[in-house]
Every structure is written in C-alpha cells, then in structure tokens.
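Take a look at the structures listed below.
Next come two complexes built around chain A: one with chain B, the other with chain C.
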Partner chain A sequence: MGTVLRWVLFVWMAVIIWAAFYYAPAASGFQGQSSRIVFFHVPTAWVATLAFLVSCIASIRYLRSRDPKEDIRASVAGALGLTFAILATVTGSIFARIMWGSYWNWDPRETSITFLLLIYAAYFALRAAIADPERRATMSAVYAILAFVTVPFLVFVVPRIYWSLHPDTIINTQGRIKMDSRMFQVLMGSLVGFTGVFSWLYSLECRVEGIRRRRQHEVL
Partner chain B sequence: MWRFLAEAGAVFTKDLRTEFRTRVALNALGLFAITTLAAVSYTIGPYRIAENDRPFLLAALLWIVIFFAAMAGLDRTFVKEEDTHTAPLLRLSAEPLVVWAGKLLFNFVLLDVLMAILVPLYMVLMGFRVASTAGFLLVLVAGGYTLAVTTTMVAAIIARAMTRGALFSVLSLPLLLPLLIFLIQGTRAAVEGSAEGISDSLRAVVSLGGVMTVVSVVLFPVVWNE
Partner chain C sequence: MNDLLGIMLVTLIIWAGLFAYVYRVDRKVRRLEMEDL
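Up next is the complex of A and B:
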C-alpha cells in the first residue's frame, strides 16, 4: 500500500472515529450511548468473516498451485481473522454487559463466535504440530476448507434454532435496513475503513512472513 | 460402481479384522463411554434433575458421552496405519476414495456398535425415556454418520502430524460443535415427541453430513497422497 493510501486511511479512520461519537445520533431503544459500539463491533465482525473467506480462498488456491505464497496468505488471513474475531467478541461482550446485564450468556451469536475462535485456534494448533513446511501447508489448507464449510451452519442455522437477544443483523429477515441515515453513513464508512485497515495489515504481514521464511531457508 | 463398493468393503473387512486382533479402538471407545456414563450416573443419577429440565439435560449428557467416547477412539483408523507403517502399502493397493469409503464405513459401524450398547444402558441408568422411538433412532443414525464422516477426515489429517492424540480432539470438537447442538435439539424433540423439532434437527444434521461428505470426497485424495 502506497504512502498516499496509508495517509488517506489514517484520515478516514480518524474521521470515522470522530463521526461515531459526534455525528451519528445514539439509537433509541438502547441504554444511553451504548449503540455507538455498533460502529466498531459490526466492522470487526465483518473483517473477521472476510479474513476467513480470504484464508479459505488462499487455501483452495494453494491446493491447486502448491505455491508457498498462497500458504502464507492463508495463514496470515487466518491470524488476522482470529484477531478481529477476538475484537468482535470483546466489543460484543461489552455491549452485552450494558444491555443485558452480563458479559457472557451463551446467546447464539456469542456461541457461534466462540466456535469460530475455537476453529481457528485449532487451525494454528495444527500448523504448529507439523514440521514439514509442504505437509503443514497442505494439511492446514484442507482443515481451513473443512472449517469454512461449517461456518454457514454456525452463523445461519444455529441462531435460527435458538432464540437470540442479539439486535437484528444489518440485513435482517425482511431484507430492509432499519437505521437512521446518519448512523448508516457512519457504519458504511467504518466498514470501508476497517476493510482498508485489514488489507493494509494483510499485505504488510504477508511481506513480513515471506521475508521470515526466506531467512529461515537461508539459515537452514 | 460395484468394483468400488467391493474394494471399499475389502478395506472395511481388513480394518475390522485387524481391529478384532488388538481391539484398541473398540476398548478405548467402549471403556471411555462406560466410565463417563458411570461418572454421570453416579454424580447426577436419574432423579436429581427437575422434571422440566429432563428432556434437554438428559439429551445433552447423552451426546456429550457419545462425542467424548468418539474422540477417544475414532482416530485409530488412520493412526494405526501410520504406526504400523502399512499406509504406503495401502496407498499402492487401493484408490484414495476406496480407502476413504472403507475407513468411513468402519468408523460408522464402530459408532453404531457403541451407541447400540451405550444408549440402552443410558436409558436404564438415567431413567431416559423417548416419546418418538423412530425419530430418536433416525437422529442417532444420522448423527452417527455425520460424526463418522467428520472425524474420518480429521483422523486422516492428524495421522500425518505430531502429538496426534491431543490434536484429534482439538481439531474435531470445534467442527463438531454445531452437530452437537443439532443432535441435542433433535434428541430433546424425540423425548418430547415433537415431530417438527425432530425434522428440523434431522434436516440440519443431514445437510451438514452431506456437505462434509462432498468436501471429504474432494479433499481426501489430497490428504492421503501428501
């Protein structure tokens, strides 16, 4: 990412953070200012999902091409996905404390994010347990794909079986967006901003990991 | 097609025969299940749970016992081949999908045998009654298949890694948690005799099993030939 783009991202995120607190109104029906967390919680959850998708696509591409770069992409996206999933869990948990009175109550959404965290923690446990780089890349790619196909069940089916306290997701069952226009603008801006932060971190990490592996190769 | 089935049957028979020589998986699964059941039955027993909570809690406990027993022995199918260094020979003599189908069938039969012993015992010891027996049997069979197809794939992956025993549960459980939820809901519906609940949960279990089967068919050759 070029210097100009990085500056644009910096200014964009600064404006979004300001707008989240001063431009957008607090939503009615929520305790005090608590609804403002949506501008940070939803984008982190979105980026976590996006990262897992990127990791899955990179894994499929690795199995097709056997290009080590794809393995680097898959593992970096997995690590970033895990980080953003933790952020989404923490922000969600803070909101749960304010609105529902406890940090954790096994709401279906909380359950599904826990599964996601476990799956990707398992992905890294598997990577750590295989010494041979090629075998590690193949096995973890297979596991990432296997894990990814269970995600729709976690995200869509489990919350349908259980009753949830979670506010309607942005695209709700009626397919309509019920949100104040200023809040909607800030949320969309925040989604774009967080996606930008993710792609910046992603390209940076991919380069760092590439250099690390080349160094390892030279040392060996 | 017939040839494929015959070859998969041969892999299954081979596994069954070697299993009966050592009985490692059978002992691990059976003893683990019985020990857990004894612990559950001793600490909770049939009458400590309030009447309203019984359908859900007894269903949850039953599936937790089955899942943990499965974690104790279902990885043997592939780990055994690596331990005894017979995997290369199997690779030479059979197509990857034949091996997969044979191993899947073995795990499925092993789970069914386990459930055939464990479930009646559980019913007796915990005072567990179901209103819809047919629905309950369908949930058990569909659940057994989906459990077998998922663990077969994970077992194939971990057979090529270090620290296999711990890794098998670590990798399997997160993938199996949605299945566990569907099965608990289905069993609870069978206890209460709710046909709608059973069919909802069966649909979820069967679709998860179907997805896992398709993904396994595509990915197993990659894992096996690595």
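Up next is the complex of A and C:
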C-alpha cells in the first residue's frame, strides 16, 4: 500500500469514526446508543469472512503450485481472520450486555461464532504441531479448505434458520435492506475502511513472514 | 463532556495508535527488504 493511500485510509477511518457517533442517528428499538456498535461489529465480521475466504483460495493455490508464498498467504489470512472474528465476538458481546443484560447468552450467533473460532484456532494448533515445512503447508492447506466449507453455514445459514436474539441482518430474510439511509452510508464506508485496513495488514504480514523465512533459510 | 464524545475520542485514539504502530512496522519492513536486496 502506497504512502498516500495509507494516509487516505487514516483520514477515511477517522471520518467514519466521527460519522458513526455524530452523523448516523441511533436506531430505534435499541437501548440508548447501543446500535452504533453495528459500524464496527459488522465490518469486523465481514473482514473475518473475507480473510477466511482468502486463506481458502491461497490454500487451493498452494496445493496446485506448491509455492511457499501461497502457504504464507494462507496462514497470514487465517491469523487475521481469527483476530477479526475475535473482535466481532467482543463487539457483539458488548452489545449483548447492553441489550440483553448478559455478555453471553448461547444465542445461535454466539454459538456458531464459538465453533468458528475453535475451528480456526485448531488450524494454528495444527500448524504448530508439524515441524516439516512442506508437510505442514500441505496438511494445513487441506485443513483450511475444509474449515472454509463450514464458514457459510456458521456465518450465514445457522443464525438464519434458528430463532435468535440477534437483530435482523442488514439484508433481512425478505432480501430487503431495512436501515436508515445515513446509517447505511456510514456502514458501507466502514466496510470499505475495514477492508482497506485488512488489505494493508495482510500485505504487511505477508512481507514480514517472507523476510522471516528468507532469513531463517539463510541461517540454516 | 458527554459519554458519546468520550467513546468517540477513545475510538479515535485507538485508531491513531494502531495506525502509527502499523505505519512504523511498515517502514521497518521496507528497510529490511532493502537490506535483503
């Protein structure tokens, strides 16, 4: 990411943060100002899903090419996906405390994100357990592909088929967007901003891992 | 100062801190890449 783009991202996110609190109105039917967390909760969940998709694609590419760079991409995307999924869980939990009086309610959304976190935590346990780099890359690529198969079910299907405390999703079950236009603008801006932050962190982490492996290789 | 302003300022500070940290790491990585060339 170029220097100008980085500063554009900085200003963009600063504006989004201001807009999330002062431009967008608080949604009706929610406790106080609690609905404003949507501008941070939904983008983190979106970035987590995107990162898991990137990890799956890189894993497929690794199995086809055996290029170590693809293994780096898969593991970096997996780590970022796990981080953003934790952030989505934390922001969701804060919202749950305000709205329902408890941080954790074992709601279908909360249960499915727990499964997702465990599945991707196991991905890193697997990576840590195999010493041989090639074997580790192959095994974890296969695991990352299988792990991603569960993502659409856990993120999109399960929470929609069971009764849930969770507010209606942005695109509801009728396929319509039910949201104030100013809230929608800020949410879209936030999604773009968070995607920018992810792509910056992703490229940076890939470069760091590349340097680390190059230097490790030189030492060996 | 009301609560909303306080939370917004804290969020802005977190973002500025995160940005400054990642920016610094990015510059350091660029330097290391130049050394490797």
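As a working rule, the second predicted complex is superposed on the first by the 216 of 220 C-alpha atoms of A that agree within 3 Å, B and C clash if a C-alpha of one lies under 4 Å from a C-alpha of the other, contacts with A are read in each partner's own complex, and residues count from 1 in each chain.
The rule is short, and it goes like this: a contact is a pair of C-beta atoms (placed from the backbone, for glycine too) under 8 Å apart; a residue touches a chain by one contact, two chains touch by 3 or more.
Keep in mind that this is a model prediction, so the values were computed, not measured.
Student: Using the touch definition from the top, say if A:100 reaches chain B (first), chain C (second), both or neither.
Tutor: After superposing on A, A:100 lies clear of both chain B and chain C.
Student: Output check: A:12 vs chain B and chain C. Expected answer is one of first, second, both, neither. What do you get?
Tutor: Neither: A:12 stays clear of chain B and chain C.
Student: Quick one: classify A:201 as touching chain B (first), chain C (second), both or neither.
Tutor: A:201 contacts chain C only, not chain B.
Student: Looking at A:63 after the superposition, I want to know if it touches chain B, chain C, both of them or none. Which is it: first, second, both, neither?
Tutor: So A:63 only meets chain B here.
Student: Tell me which partner touches more residues of chain A in the superposed arrangement, chain B or chain C.
Tutor: B
Student: Quick one: classify A:154 as touching chain B (first), chain C (second), both or neither.
Tutor: In the superposition, A:154 contacts chain B only.
Student: Just which bits of chain A does chain B share with chain C as contact spots?
Tutor: Of chain A, no residue contacts chain B in one complex and chain C in the other.
Student: Can you list the residues on chain A that touch chain B in the complex?
Tutor: Going by the criterion above, the answer is residues 63, 111, 115, 118-119, 121-122, 125-126, 129-131, 134-135, 138-139, 142-143, 145-147, 149-150, 153-154, 157-158, 161-162.
Student: Which chain A residues qualify as touching chain C in the complex?
Tutor: 1, 6, 9-10, 13-14, 17-18, 20-22, 33, 40, 200-201, 204, 207-208, 211, 214
Student: What part of chain B is in contact with chain A in the complex they form?
Tutor: On the chain B side, the touching residues are 153-154, 157-158, 160-163, 167, 170-171, 173-175, 177-178, 181-182, 185, 200-201, 204, 208, 211-212, 215, 219, 222-223, 226.
Student: Would you tell me which residues of chain C are touching chain A in their complex?
Tutor: Going by the criterion above, the answer is residues 3-5, 7-8, 11-12, 15-16, 19, 22-23, 25-26, 29, 32-33, 36.
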